[in-house]
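You will see subunit A twice below: alongside subunit B first, and alongside subunit C after that.
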Partner chain A sequence: MVNPILLIIVPLGTAFLISLTASFLKNSTKYLALLAMIANVWVSIKLLPEVMQHSINVVIAGVKPPLGINLFVGPSGAVFSILISAAGLLILLYSFKYIEGDSQHKYYTLFLLLITGSHGMVLTGDVFNLFVFFEILAISSYILVGYEGKRNGLEAAVKYLILGSIGSVLILVAVALIYQEAGTLNMADLADKFGMIDPSKRLMILVFFITGMGVEAAVFPLNSWLPDAHSSAPSSISAMLSGFVIEVALIVIVKFVYSIFAMTEILGFLSLVAVITLLVGEFAAFKQANIKRVLAYSSIGQIGLILFAMSLNSTGGINAGLMQIVNHTASKSILFLVAGFLIVRTGSYQISDYRGIAKKMPVSAFFFVIGVLSLLGVPPFFGFFSKLAIIIAALHTGSIFNTVMVFLVLLGTVIESIYFLRIIQVMYNRDGIVDSVKEAPFLPLLAIAAFAVVILAGFLVLPQITGYTGGVASEIVRKMQMAQVF
Partner chain B sequence: MRKVISFLLLAGFVFYFATLTGGLLIPDSSADRSSVGLDILSRSADETGSANAVTSVVVLYRGFDTLGEVTVLFLAALGISVFMKSTGEKRKKVLDQSFILKTGSRLLFPLMFLFGMYIIAHGHLSPGGGFPGGVIIATGFFVILLTSESVNFNKTLMSVLEGLAGLSFIGLGVVGLLGPGNSFLQNFLPLGTFNTVFSAGIIPLIYAVVGIKVGAELSSVVYAMKESK
Partner chain C sequence: MNGVLSISTVLNFGSAGLIVLGLYIVFTQKNLIKMVIGIDIAETGVNVLLVSTGYIKGNTAPIFSKAGLQVSSMVDPVPQALVLTSIVIGFGVSALALAMIIKLYEKTGTLDTSKIRGLKW
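Presenting the complex of A and B:
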């Protein structure tokens, strides 16, 4: 058995090792980061078949829960670990050519800490430990947003810092209330005892927790930081933040609502919020002229779609939402990574400046089109199957409310297709005004191509993928029990 | 008008909060709940060999959280060094400090350093430990940095110390993982005689690396803030 704790201590230890060796290895420290990410991909792939059989409980410091901290790795932890480490590895390869400057070791240290925080959030079995990893994830992303030191990046980082800190205080209050009322911090133990808490306090814990985590997950009224942060971060970081960081926060919310708090009565409200998030994101994206802001608002729309699927209160809905997460991670990473070199090569964020760029950067433009088509849900790309699954799951519930919501979701897709196809039209315009623009280097294109393979070949292994996501879905809808942990 | 509305909203929120959390400030002892805290208190001395129960919680029962907290501090220091880039040139005009202040701070520094070391080394016996001890050491550096115009502050040494201390923390945990307990951060050393300096297994070792790390990080934070524009 591989120990899941390696997924956390390998990137964390490598981050410390980079800090130790930075003075003489200089920019070669990136190869240390590469080794750590390869190790993480290997561990998470080894882990998946095991946890599909039975969940793994890892005791830390030799103290059995609920007294100590444990990692509780079920299908959801393993599937998200693969998603995080695989996307992280590819984005790291992209960063090799994309990040320039003298103190790159700081970038790679922060990168690994962001990976550490994401893994910790999906693997931990302890509520306070979740908060600690949330802090690691949040603080490393604040710094990475402002990493380039430009004015708009710093402004976005400060905005993100303020909202994010309010969110983490709310989570901390929720954790304190949990400990006060239930006398435990272990997730499984809490799931057993949560029903015994006074209903008004239960609601309060739920509200504080969802609001705090919702800031990071970019749910509608709490997401004003996202367009600035995701658009002014370095493009590799935008790809990480949109690709899996907001999804990790979202899956934590979903996991708590279903399997720990078991308060499914909030789901109707959540699906309403989700559809508002989707429509706000898509309408706002429609108006943007800056390519990264379009992608950032589109991420808000997509997170709304995923939350809608996951709040249907059915295994099918969660399954569909997970497929959409896979699709969004791959296709949005492609779009942000391509946009990164479009910006580097043309020196402009404006879509109108990319007129006819497909002639000069044909490979990048081709991958951009693939990413867009999958995000829109055009067959036979992976996005088609995930969107279809969401609609089927929603109509399957049979309620009129969900049917109306499906129409709104489809309206969102129509808007999405208008603004994305407009960008493609500009890129493939014949009378190009762009000159002296080179194609992106080989390594970044390779990373982008690997993401493209996922959405192109995804439908070939669809039964396998739905097998794993189905396992995650049935884990999430089931209430956690202390008996599982021992 | 906006002020009135926001005041009303705030008052409503406070009222809601106060009604719901009426019992928050007054712990109701009558409730018959098994609490993890009481459980730990009754067994920590036997299990960990640490005379200070708080330390046993911080370093062992919730040692993984402490590793996370150390990382958060590491991140904060890193963030400051990313955003407050050193200008490289000396500041034009530095206030000339008085002779008494300069000599006094130099006299004070070794004492503060020693006191910090004491706090770190006795974390498992008396209140204190790696975090406060490290802060005291960093405060010593802070006094020196504030009072003298030019200090030979070795930034590389600090980042090496930070990395080394972090790696040692993880290394101590991994030894436990490879040992018979097969658990990260397992206490693999003998517990020794209760209430003596050499007791409680790996607790003093972990507190020592935490102390080094906190001291090095806060010192470089202070230095980065002094050197920035």
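Presenting the complex of A and C:
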């Protein structure tokens, strides 16, 4: 058995190692980061088949739960670990050519801390520990957003930091109330005891927790930081923030609502919020002229879609939401990574400046089209199957409310297709105004191609993928129990 | 106190007051430094709330400082451990926030969020 704690220790240790050795390794520290990420991918892939048989529980520092801190790795933890480490590895490869300058070791240190925080949030079995990992993730992403030190990036980072701190204050209030009322911080123990708490206090805890996490997950009224932060960050970081960081926060919310708080009566409200998030994101994206703001607003729309699928209160819905997460991670990473070199080569964020760029950067433009088509859900790309699964799951519930919501979701998709196809039309315009730009280097294109393979070949391994996501879904809808865990 | 107001009630209301005050400052002030102060006040409120959850009337600090101290006569140590962690995190975030604000001030020459108009606030 591989120990899942490696997923947290390896990037954390390497992050410190990089800062220690930076003075004499200089920019070669990136190879340390590469080794750590390869190890992470290997551990998470080894972990998955074991976890599908039975969940792994790791006791830390020899104190048994519910008193000690533990890692609890169920199918959801393992699947998300693979998603995080695989996307992380590819984005790291992209960063090798994309990040330049002499202080690269800072970038790679923070990069690995972001990976540590994401892994910790999906693997931990302790509520306060979740808060600590949330802070690791949040603090490293604040700094990475402002990494380039430009005015827009710093401004977005400060804004993100202020809103993120409010979110973490609210999460900490929820943690304090949980300890006050239930007397435990262990998730499985809490799931057992949560039902005994006074209903009004239960609702209070839930509201504080969802609002706090919702800031990071960019659920509608709490997402005003996202378009700025995701569009001002270096493109590799935008890909990470959009690709899995907001999804990690979202899956924590979903996991708490279903399997720990077991308050499924809140789901109707969540799906309403989700559809509003989706429409707000898509309508706002429609108006943007800056390519990265389009992609950032589109991420808000996608988060709405995923939350909608996951709040259907059915295994099928969660399953569909997870497939959509995989699709969004792959396709949005492609789009942000391609946009990164479009911006580097042309020096402009404006879509209108990319007229005819497909002639000069054919490979990048080709991958951009693949990413867009999968995000829109065009067959035979992976996005088609995930969107189809969401619609089937929603109609399967048979309620009129969900049917209306499906129409709104489809409306969102129509808007999405209009603004994305407009970008493609500009890129493939015949009378180009762009000249003397080079294609992106080989290594970044390789990373982008690997994401493209996921969404192109996704439907070939669809039964396997749904097998795993189905395992995650049935884990999430089931209430966590102390007896099952230990 | 004669049962009119227990310490727990005072602490609960006090912490709620601090949190509301802190968030009010963040949402109403336009000066970035004041916003950071607001966050600090709200964090202090949460820390008070956390530490008050472990309070048991009449018990001592959970430290074996003298011989003969019983575990049953101590307050709950878990919230105190939590609050230490949360204070350290809060300190780190404030330091980072101020460092970033200094950088931002160098670029823009102002701390007023309504005058920093590169993005929408």
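Here is the rule we use: the second predicted complex is superposed on the first by the 486 of 486 C-alpha atoms of A that agree within 3 Å, B and C clash if a C-alpha of one lies under 4 Å from a C-alpha of the other, contacts with A are read in each partner's own complex, and residues count from 1 in each chain.
The definition used in the following text is that a residue touches a chain if its C-beta (ideal position, glycine included) is under 8 Å from a C-beta of that chain, and two chains touch if they have at least 3 such contacts.
Because the structure is predicted, anything quoted here is derived from the model rather than measured.
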- Message: Going by the contact rule set out at the top, does A:35 touch subunit B (first), subunit C (second), both, or neither?
- Response: neither
Practice prompt. Name the contact category of A:9: first (subunit B only), second (subunit C only), both, or neither.
Written response: first
Between subunit B and subunit C, more residues of subunit A are touched by B
Task = Examine A:21 and indicate which partner it touches, taking first as subunit B and second as subunit C; both and neither are also allowed.
result = first
Looking at the overlay, does A:132 come into contact with subunit B only (first), subunit C only (second), both, or neither? both
Margin query: Which partner chains sit in contact with A:66 here, subunit B, subunit C, both or neither? Use first/second/both/neither.
Written below: first
### Task
Classify the contacts of A:146 with the two partner chains as first (subunit B alone), second (subunit C alone), both, or neither.
both
- Message: So in the superposed three-chain picture, is A:158 touching just subunit B, just subunit C, both, or none of them (first/second/both/neither)?
- Response: second
Could you say whether A:180 touches subunit B, subunit C, both of them, or neither, answering first, second, both or neither? both
Subunit B and subunit C footprints on subunit A meet at residues 128, 132, 135, 139, 142-143, 146, 149, 154, 177, 180, 185
Counting only contacts in the complex, subunit A reaches subunit C at residues 128, 131-132, 135, 139, 142-143, 146, 149-152, 154-159, 161-162, 165-166, 168-169, 172-173, 175-177, 179-180, 185, 224, 228, 232
Residue positions on subunit C within touch of subunit A in the complex are 19, 22-23, 26, 32, 35-36, 39, 42-43, 46, 49-50, 53, 78-79, 82, 85-86, 89, 92-93, 96-97, 100-101, 103-104, 107-108, 116, 118-121
The answer for subunit A against subunit B in the complex is residues 3, 5, 9, 12-13, 15-23, 58-63, 66-69, 103, 106, 109-110, 113, 116, 120, 128-129, 132-133, 135-136, 139-140, 142-143, 146-147, 149, 154, 177, 180, 182-185, 200-201, 204
Per the touch rule, the subunit B residues reaching subunit A in their complex are 20-21, 24, 27, 33-37, 39-40, 47, 60-65, 67-69, 71-72, 74-76, 78-79, 81-83, 85, 156, 159-160, 162-164, 166-167, 170, 173-174, 176-177, 181, 183-187
